[in-house]
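Next come the structures, one after another.
Two complexes are shown next, each including subunit A; its partner changes from subunit B in the first to subunit C in the second.
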Partner chain A sequence: MSEGLAPLLQIVLVPIILAPITYYSSKKMGIKSGYIAFIALLYSSILMSWIALSYATTGRPIIEEYNWAPVAGLYFGLRADGLSIPVALIILLLSTATAIYSMSYMEHKSGTGMYFALYLLYAAGMTGTVLATNLIQFYLFWELMLVPSYFLIAEWGYGDRERVSFKYFIYTHIGALSLLAGILATYAFTGTFSIYELSYKASMIPPEVLRWILVAMCIGFFVKMAVVPLHTWLPDAHAEAPTPISVLLSGVMIECGVYAMTRIVISPFYRFFTSFSTALTMLAVATMFYGGMMALVQSDIKRLLAYSSISQMGYMLFGMSVATYYGIMGAIYHILSHACAKGLLFACAGAIMHQTEGKRDIRTLGGLAQRMPVTAILFTVGVFSLAGVPTLAGFISEFMIFLGGFEGAETTEKVAIVIIAVLCAALTTAYGLWALRRVFFGPLKPELSEVKEASLLMLIPMSFLAVLSFLFGIYPKIPLTFLDPWARSAIP
Partner chain B sequence: MELLPYYAPLIPLLAASILSPFTKALREYKRILNLSLVITVASHIISLLLVIMPHGLLWISRRPVLVTSFLRTTFLSSLYVDYISVFFICLALGLGILVALYSMHILKEDDAPELYYSLLNLVMASLFLLFTVGDLISLFASWELMSITLYALIFLRRSEPLSLEAGTKYLIMSATSSAFIIYAISLTYGSTGHLDFIGVQRALSYEGDLSMVYLAVIFFTVAFGFKAAVVPFHTWAPDVYQETIDPITAFLSGIASKAGIYALLRIYFLIFPLPGLDVFISFLAAITMTLGNITALLQKNLKRLFAYSSISHIGYILVGIAVGTPYGILGALFHALNHALMKPLVFFCTGELRRGYESVSLDKLEGFGRVSHELAFATSIGLLSLAGIPGLNGFISKFILIAAAFGSGLAWLAIVAIINSAISVAYYLRVLQVMFRKPKVEMTARALPSSALFPILCLTLLCIAIGLVPSPFVEWLSEAVKNSLGRAPLIISP
Partner chain C sequence: MNALPWLCWSVPFIGFFMTAIAGKRIKRIAGLIEPSFAFISAICAILMGFQVFEGGIIHEKVPWIPVLNVNIGVLVDPLSAIMANIVAWIGLLIMIYSVKYMEGDPSVMRFWALMNLFIGSMLLLVLSDNFIQMFVGWELVGVASFSLIGYYYRDEPENWVLNYPPSHCAMKAFVVTKVGDLMMLAGALLIYIYAGTLDFMELANRTDWVGLLSSKGLLLPALLLLLGGPLGKSAQFPFHEWLPEAMAGPTPVSALIHAATMVKAGVYFIARILPILHYVAWTMGYGEVFAFFYVVAIIGAFTTFLAGTQAMVAKELKRILAYSTISQIGYMMLGLGVAGLIKDYVLGLAAAIFHLMSHAVFKALLFLSAGSVIHVAETKNVYEMGGLRRYMPITFYSMLIGALALAGVPPLSGFWSKDAVLLACALSGKIVPLILGLATAGVTMFYSLRMIGLIFLGNKSEHLKGLEEEGHHLHEVHPVMWVPYAILAGLSIAIGISGPFLEKFLHHTLALNLLSQRGAYLELSMGWSIKELAESEGSMMWHVVMPGLSVVMLLLGAVPAYILYVTRSTSPEKLVREKPLLSSLYQFLRMRWYINPMYYAVFVDGLIGLSRGVYAYIEDMILEGFNNKFAESFKAVSSSFFRYLEKYTFEGFNNLMVVFFKAASSILRKAQTGRISINVIEMVIGMLLLTLLMLGFVIGGM
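Here is the complex of A and B:
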């Protein structure tokens, strides 16, 4: 990897630089400016895949560092290692696929240039969050994913979008400020912002302070992850956002919280973190249960998927909080499988809404499999992956999460918690299959008889996500090439 | 020649005095306006060049330069110049140019532009003096000159009743604060026998009973805190900011409030480096931030909202002063710089809104962002920067301030500052939402005249540039703090 090429910097900067160009080109090109966004993200994805390949062959992380404000202790670094490569790659792949999907979705809407410009910034923000090497830069990208997504929801969302986007911004921003307080307090004791120096400087923080620092940071991450009881922004925001943005919100943005938690809380402060383990496990089970129950009673298809996301975040938190090798690896693996499955499901919901002129109430849908067979198949794949059907990615990750749970369960109480968590997984199957039946099967509603299959621009990215679900389900070795060495070195 | 830069205040003073008689001769409004502007900008640029010109002593000795007076009396009229003075002078001059430019199209024919520009020069000369004087009496004199000139500027449109009320309020508060300064000076002289900064500082070190000195410091804080709009001496600010014309509002919140900050810095760190002041200042900082932010939540008038936001930002700057370490003061200076960019930016934007839509009330401005794109972009950058969103300048300095507070054991103050940041986002975001909401009535796009476009563009770009590449500014400022505080001055007598 040559020094001058700076591939990691390009991955983050190319979308940011092309954002204003996309905006201005839309004045001439209209909706076609989406292709610029697509090409920018495709370029970043290809670079990222190249980096992944080079990591897989050499096994050495790729690090780039630049000066930013050395006096204030700030520098700008990017690092691709076994943990960040798979997560960054799935973010870029999902954003690339959704960029094509957006072109069909945004067809008849105004302000497409601004949409794609914000879209690029949003994607760059998420990628930067994952690649960041110091906490301030991390915070910068963490907020960069908030601001564009706020505008995207406020401008192109549905329903009471002004209130919803406001709620989304305030919740997430307060979470972020809590995180900032944690970051700055860490700095006050260790004198470093570097995420990688934290692990051997962790002992410089007195334990009673460290407890509060971790609480402050976890609040920040839990808001993003929508862990019960900090979840109330999510159903609103994910349901009312424009569907391609719901795909990204549910598919990868909230997962950034999982990544950040692993990177910043668990990995450096592992020994201390395990003392929280039981409490967090209970929180995780509550989140799984609550999300699943709420999803069961929703009649709005996007709201159902939003609550399902909360429940899935519970799985990931569960995997992390048991803090065993398999648990944490399963949580990260679940990022990948959830990104594909939930992205796919939201995209299907968007396709249905697009083809039925905005119908999203499940009670008004039915029998759509006759009219939209491909969408029906893809939706089924998504539901099966979430429910953990073997050969799909969800099976591998849920298997690892629960395996990790039993691995760490030394007492009967802990075994009981894990068993409850496994039972909660049944809820996923319940709401998934029931929604599938109500939307796609049964008699076709007469007013839906004119509905046509979604356009290819929508079906291609959706099929891509389904293929990824199968790929990660059949060849778990692909992500594990990266995750396994990382998990072995990071978790004692 | 060595001392030439110290006579730079004479240039705006000269410009102020010749401007009115010279331009009067032109008779035609447009030509008077143009000539006044040219003279003002020229005087600012020349003095700016004189100040930043590499003048030997300050840059070489890397410590403050004290020039003793020609008259060797007790009332030493001396100059005390260090990097911090140069920083504030450059800030004032740079913004002064933008304010002068922006005023071009805001002024009306009966506003007497030659007088207006003459006053702008005069206030700049007074600020110049304020930032370079080395003893309390000269400090008081330049402070008064500034207050009275600002009063004339605030009172510019005296025919409007609300402007009259605001001006009167300002005048009364200003006069009270002057009384406090005089009282504090006499207390200082009584207990130390000195009036020049260094003399007072040295006398303090072997003074036994310091209670009078502490009282003097509190009085100084009241007086200078008034100009900086520190709670509880802030009550004039929202009224005055709301009612004066926008370039003057920008000037008041961008520069005049920083004069208060400068004076406070001098009081706390040069003249009276007393122990125990940090508790007092951190208390002031906490209530200033909190009250400013909470009151701003309730505002419907955009200018009033920004006035309260100004107050809260002064609170953030005070956090750095309360911390008192070089890192904290660096944060305070950097935030002063950033606030002096963001606030004039939003006030210039409100000026354009007032001109375009005849109102700065939030409910009348619904949806202007959908039609006036340039204005909406600049306002959004200003708002996001004020809210402290990373990537823009406001974040970097706020971050340094909070980090400094955590680092020096004032964790409670840091947490108060963070909570305040969270509160403030709510009202900045509300403005953003109103901007881009679907308008109830048809909105028409308003083009910006070039005299508005240039200052707004300058400030917007600076906000983004400092946010992305803060290192040169942070490095210079940390150098400035290092070379200014705690170093014995180089004394020269002419």
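Here is the complex of A and C:
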């Protein structure tokens, strides 16, 4: 890797720099300014894939560091290793695909320039969060993904969007402040902001303080991950956000919480974290069931998917909380599967709303498979992936998560908890297939008889996500090339 | 590398992809192309079978997920060779039948694609050498069945099953089986943690995992969890309720589900792990495995009776056959369960596989001919048929052979295989399953005869007369349709005639299984059986008594059915109406022992109701209420702070200060009078005070 190119910096900066350009160009280009956003993200994705390839061949992490505020001991660092590469790559791929999707979605809406500018910032914020090497930089990117998404929901959302976006902002911001408190406390004891120095400086923090630091940080991440009972912002925000943003919110943003928890809490403080394991496992199972049950009774299709995301975050939390080799790997793998599957499902929901003039109540839909067969097939793929059907990514990740659960269960009670967690997937199947049936099967509602299949600008990114789901389900080797060496080194 | 097993399962998958992609372009020649995928598989299967019987087990693998120690492999031993042949050949006949049956269906290519997927997944399942890969096939079978049961997804009223639309039936099938599958997955993961592998061969050869599991008290739980999958897929109690509704799809699909794919998967899986478990129980001495075997046997026996009785009162032709499938699979489970309870487990294993084989043939035959009958009579209700014998002689004789084989009338196929199962059961000395099994033999005879009588004998129903008046001509179906089931009828007879030899052959070949590398054990097991049979008078006695008992049961079932439905000298309706006990029994059976309504009440309405309640009270009222309350109280506190603290206290203090200084200054101002005399006095007072102060310092300093 040549020094001068600074590929990681480009990955983060190119979208940020192009954001204002996208805004100004929209005055002339209109909706076509979306292509600038698309190209910027495509460029970043390609760079990231290149980095992934080079990591796969050399096996060495790629690190870039720049002076930022040396007096305060701050460096602006970016690091791509076995954990951050797959997550950053899926963020970029999903953002790229959704950028095309947005162009069809934003067709008849105003303010497209601002939309795409904010969209770029949002994507850059998520990527930066994943690549950051020190906690202050991490925190800045963490907030960078909050602010643009707030405006995106408040401006282009549905329903009671001002209130919903406000709630979203307040909730996640309080979470972020709790996280900041944790970060500053860590600095007070260790004298470093570097995430990678934390693991061997962890012993400098007295255990009774460390407990509270971890609690503060975990609250921050749990709000982002929408763990029950800190989840109430999510169903509103994900349901009322413009659909491409829902794709990103559910597909990758809340997963940043999973990534960050693995990176900042579990990996450096592993030994200490395991003492929380049982309690967090229970919380995870509660989240899985609660989200699933709520999804079962929703009549709004986007709200249903939002609750399903909560349930899926429960799976990831479960994998992390058991804190075993397979469990954590499964949780990170589930980021990928969920990004593809839930992204796909939200995109399908958006396509339906776009084609039926905004119908999103399941009770007003029905029999759409006759009019939108491709969307129906793609939706089915998404549901089956969530339900953990083999040859789709969801199977591999759920398999690893539960394997990890049994791996760490040394008592009979813990085994029982894991078995309950496994059976929760039946609930996923139930709400998924029920939604599928009510939207796509059965007799076609007469008022829907004129509905047409979604445009190619929507179907291509959706199919791309479906293909990714199959790819990760049939060749799990691809993500595991990165995750396995990392997990081996990080988990004792 | 042996290409045959790989080809065998992958060709139908290629067919699936080709059909899905090329779709409309090959629609014209679909009737030629589509069965040919199954045909290639069938040829591979038979060649593979010869290789196995000559040269032993084929086992090959390539890595798939090295991190998880998971391979893709094929394992062809006699068990999987037999299964693969059943799946491929029966599948082929059903595909040929479908060419005519599905003619003119607008979305027939979807049907073909999914049928290929179905057969391919089932072959993948039976040819897998490890659990994970088998589970892939297992779930794909589920997906294919979901899509095919819900084939008529538009839910036109004529495709409804009672009051369930096809899309509901598909969902029911998938969700119910999924619960079982997840249990199985959990069980397998538990084993994986201790064994480090899920390769069947390795699990059989390194049995140290059993001790580890047992020491934690997890051996029996793991095995019972593992049982969930087979019970779900094979529609056994308590997961049996999905199968009666699974007939919502086209009839060839039902034939495939019932005869070759799907419901046989569970039996296959238990047969697959049976030798390992038997070894664990008998040689290694882990007693808890006996409990597992007993559970399998008792569930099988109970299900066989449960479903058999429901078939006695069912009104829809396909529903009768569906209940009968559940019931017959129960026999297979019973055979496998008791196999573990006797020393010569191959006896039970062979009996179960023999019954699976003969059931595959006669059930495919029954479904295909039922399809023809439904096609011609344009109704599914057996009470709207009658007298069809004259118009459809080939179908009549084929179906009669099928029904008699199902009932186990000697010397047709079902007689030998059912007898073998009951014999194994008797040898194990378990009385309850034996009684249930024998009773069901009578029940089976009853409903088989009833079905034939109602469809083909007696007078034409009003419905059929109406059809004829409308100008419909009742006639035999097209040869493409009847040839497949005529072949199956021939096979039923052939299996029946060669029954005892076939049983011996199976007993001999199935001894070659996962344990064959533990050669000593194999001989031991065979030795036991010979010794057992020679020594114990009891077993010899059973060999004679069992067929006799079966025949008695058959007569017990046949006589009432003959009176009620063949000669029709007494009307069953009248009988039920007159006897209150019979009428409540009839109602009990019609309501499926009230199990189905109970499941809906608890797992569907109950769960949804509970979720609605949680949504309304916890999510909306408490959590959302908390948010709103919190925001409101924050606002209220802030505004009261503003009012009382900010406005009242701080502002008040400010104002107070102003007033005070104003007052103070107005007083002090009066001191500034400007008169010299007062100034001088003030100066003197000041100087005095200063002097006093200084004096104080001096004194204090000393």
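Here are a few things to note about the model shown:
Here is the rule we go by: the second predicted complex is superposed on the first by the 492 of 492 C-alpha atoms of A that agree within 3 Å, B and C clash if a C-alpha of one lies under 4 Å from a C-alpha of the other, contacts with A are read in each partner's own complex, and residues count from 1 in each chain.
One rule holds in what follows: contacts are C-beta pairs under 8 Å (C-beta built on N, C-alpha and C of every residue); 3 or more make two chains touch, one makes a residue touch a chain.
All of these numbers come straight from a predicted model, not from anything done at the bench.
Because the two structures share subunit A, they can be overlaid on it, and in that overlay subunit B and subunit C fit beside each other without clashing. Legend: residue contacts after superposition of the two complexes on their common chain; A:F402 is shown touching subunit C, with no touch to subunit B.
In the superposition on chain A, A:E162 contacts subunit B only, with no contact to subunit C. When both complexes are overlaid on chain A, the residue A:L480 reaches subunit C alone and has no touch with subunit B.
With both structures placed on the common chain, the touch criterion links A:A387 to subunit C but leaves subunit B unconnected.
In the superposed model, more residues of subunit A are touched by C than by the other of subunit B and subunit C. Within the superposed three-chain model, A:L9 lies out of touch with both subunit B and subunit C [touch as defined at top].
Shared-chain residue A:M282: touches no atom of subunit B or subunit C. Of the two partner chains, subunit C is the only one touched by A:T429; subunit B is not. Residue contacts after overlaying the shared chain place A:L180 against subunit B, while subunit C stays out of touching range.
Of all C-alpha pairs linking subunit B and subunit C after the chain A fit, the shortest spans 6 Å. In the superposition on the C-alpha atoms of chain A, no part of subunit A is touched by subunit B in one complex and by subunit C in the other.
Interface residues of subunit B, counted against subunit A in their complex, comprise 330, 384, 389-391, 395-396, 399-400, 402-403, 406-407, 411, 414-415, 418-419, 421-422, 425-426, 429-430, 433, 436-437, 469-471, 474-475, 478. Of all residues in subunit C, only 65-68, 132, 135-136, 139-140, 142-143, 146, 150, 153-156, 165, 167-168, 170-171, 174-175, 178-179, 182-183, 185-186, 189-190, 192-193, 216-218, 221, 225, 607-608, 610-612, 614-615, 619, 623-624, 627 touch subunit A in the complex they form. Touching subunit C in their complex are the following residues of subunit A: 167, 229, 232, 290, 293-294, 296-297, 329, 367, 369-370, 384, 387, 389-391, 395-396, 399-400, 402-403, 406-407, 412, 415, 418-419, 422-423, 425-426, 429-430, 433-434, 437, 440-444, 476-477, 480, 484. By the touch rule above, subunit A contacts subunit B in their complex via residues 67-72, 74, 136, 139-140, 142-144, 147, 151, 154-155, 162, 165-166, 169-170, 173-174, 177-178, 180-181, 184-185, 187-188.
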